[in-house]
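What follows is a set of structures to go through.
Below, chain A partners chain B and then partners chain C, in two separate complexes.
Right, the complex of A and B next:
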C-alpha cells in the first residue's frame, strides 16, 4: 500500500516532466529542478492528498522534500 | 541600460510625475478611514459569488446556501491573506531597488508605492485577523526561480504587475457589488483606487525593462521568459484554490474538491476572465508569444 501511495507523488512529478521516464528515489528533486518555487506548493498538496495528512506550512522542513525517499519517510511512514 | 531608457522616455517621465502628484493629493489615513464593526454576519456573501472558486460548477450544486456563504467567507480571508503575502514580497523587491543604480528616476514614486503598499497590507491583515481570526499561511517556496540574473528586474516587476492585476479584477467587482457588506466594499474600493496608479506605473516600467532585455536576448532566453511568466500566472490563479479554505468551510475532502475544480470545465473561462487584460497587455508588449495559458 505504501509504495502505491508514494507512487502518486512520483506520478505527479513525471506528469510535469514528460521528457522523463523515471525519478530515482534518491534523486534530489530541487537540485535537478524537477520541483521549483512555483511547483513546490503543488508538491505539498500532492503529498497531502496521497498521504491523507495535513501539512503545517509553518513547520515545513525543506529536507523532508528533497527526494522521494525523504518524502516517503516524513509523510508516509506512519501509513 | 535601464536608466538611460527611462530618462529618455518622456512619456514615462510624464506619467511618473502625474502618478506621484496623484499619490500626494489622494493621500488618506488608512488607520482612520475604515469602519470596523466587531463582527460581520455569517449568513451573507463575503465575496461576490461569481468570484468564488466553486461558482458555476457541479460542486456548488452539492453545497447548501449556508455552506456557500461560509465558503465565500473563507475564500475572502484567503484572498486578503494572498494580498498580505504578495505585498510582503513586492515590498522586499522594491525596497531592494529604491535609490540604486538604474532606478534613480522612479525612486520618488517608489516612496509612494512602498508607503501605500504597507498600508494596504495593514488593512488586509486587519480584516483577516478581525473577522477570520487568522491569516492563511503561504507555502514557503524556494527562493524565486529566475532563469537568468540579467532579467531579474524584468521578472520581478512582471510578477508584481500580474499579482496586482489579478487582485484588481476582484477588487473592482467587489467594490461595486451591492450584495456585500459596506466594510468589505470599502477595502476593495480603496485598494482598487490606489492600485490603478500602481498598475499604470507597472505597465510602463515593465515595457521599458522588457525593451532593455529584448535588445540583447537570444530567442531561447525570450522563450524562457514566456514560459516563466505564464507559469507564474497559473501559479497565482491556482493559489485562489486553497484546500484549507475548503476544510474550514466544512468540505469533507478538500484536496479532492480542489482537484475537481482545477481540472473541471469552468476553470479555463474563469482564468481567462481574471487575466483578460493582463494577457492582452503581455502579448502586445511581446513578453508572451500568445494568450494560451497552458503548462509547458
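Right, the complex of A and C next:
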C-alpha cells in the first residue's frame, strides 16, 4: 500500500496511543479521546506539516477534526 | 453541600488516583479517597481526559513544593488556604514550628471535611484553624476573627479557584488578598489560558462543568500582566511538564509561549506589591 500524507496524521495518533494498532478513517477522534484539547495543538501542527497548509486557530471548525476522513476532506482535498 | 464542593470531591478523587499509583506518585494523600465521596470518582470519569488527572497531580505537588519553599526561605508563618476544598496539606506536610494554617471555605464543606478527617483519625501537623466564609462576600473579617494578622506576612494558597471567577471577580480577589498582605507576603495560585476556555475541543468538558453548576469563566494569556495589574509581582510562572512542574509526567509537549491556540495552565508564585 502506498503511503499517503494523511497517513502521517494517522501515524501521529497511533504514536500517542501505543495501546492501539489502528484507527479507522471514520472513528470519532474526540469522543474516543484519541485527541483532546491539549494534544489538539500537536494535531494541528502535524496536519500543517503533512498537508502544507496553514490553519487559523481563530477560525477552527471542530467538524473538520472529528475523524481522519474529515481531516483529509478539509485539509488534504487539494492534494 | 454546595455545588462548588463537587469540585472538591473530584479533585480529591484525582489525588487518590495519584496516591495509589504503583510507582512514581508525586505525593501521597492517604485521606483523599475518603474525601472524594460520594461523587468524586463518578465526576472524574465524566470530566476525565484532556490531561485532567496528570494536571491535578502536578498542580498538587507544585503547591506542596511552593509552600515548603516559601516557609523555608522567608519568615512567613501564617498560611491561608483560600477555597481550601478537600486539601489536606495541614495533615500531609511538615510545617515549621509556629506555623498557623487557616482553611477558608463554605461552612458546609468545612463541617463535612472536619467530620470525615475525624473519622479517619487524621491529626494536623501545624496549628490549623477553620474559617467558614462565603468568598463572594467580604470574608476578611472572618479570617481576622480566626486570628489572621494582616500586619504579619502571609502565604496565600488559592488552588483551583480562579477559573470559577469572572475576570472582575478574579481581579477583585487579588486586590482583597493584597489588602490583607503585609510586605513580603506571597501568593501561590494557578490560572488557565483564555484559549483553554475557547478551544472547541474543551467545549464538552466546559459544558459538563456548567451543567453541574460550576462553570469555568476566567482565563488569561498574560498571567504576569494580570497579576501585576492587581498588586502581585510574579516570581515564578510554570506550565505543566516544565522542570519543577511535573517534568516527565505530563503527556503533552510543552508549547512555546509564542504559539497561538494552545490550552495552557499557569502555576504561579507571586509577591505582594504596594497599592
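The rule is simple: the second predicted complex is superposed on the first by the 76 of 79 C-alpha atoms of A that agree within 3 Å, B and C clash if a C-alpha of one lies under 4 Å from a C-alpha of the other, contacts with A are read in each partner's own complex, and residues count from 1 in each chain.
In the analysis below, a contact is a pair of C-beta atoms (placed from the backbone, for glycine too) under 8 Å apart; a residue touches a chain by one contact, two chains touch by 3 or more.
All figures in this text were calculated on a predicted structure; none of them were measured in a lab.
> Where does A:60 make contact in the superposed view: on chain B (first), on chain C (second), on both, or on neither?
both
> So, A:37: does it touch chain B (first), chain C (second), both, or neither?
Both partners.
> Should A:14 be classified as contacting the first partner (chain B), the second (chain C), both, or neither?
The answer is neither, since A:14 touches no partner chain.
> Taking the stated contact definition, name every residue in chain A that is touched by chain B in one complex and by chain C in the other, in rising order.
In chain A, positions 30, 33, 36-42, 44, 57-58, 60, 62 sit in both the chain B and chain C interfaces.
> Which residues of chain A touch chain B in the complex?
It comes out as residues 16, 30, 33, 36-42, 44-45, 48-49, 54, 57-58, 60, 62.
> Considering only the defined contacts, which chain B positions touch chain A in the complex?
Touching chain A: residues 137-145, 231-232, 235, 238-239, 243-244, 247, 255-256, 258-259, 295 of chain B.
> Can you list the residues on chain C that touch chain A in the complex?
By the definition above, chain C touches chain A via 49-51, 195-196, 199-205, 252-253, 255, 259-263.
> Give every residue of chain A touching chain C within the complex, in rising order.
So the residues of chain A in touch with chain C come to 30, 33, 35-42, 44, 57-58, 60-62, 65.
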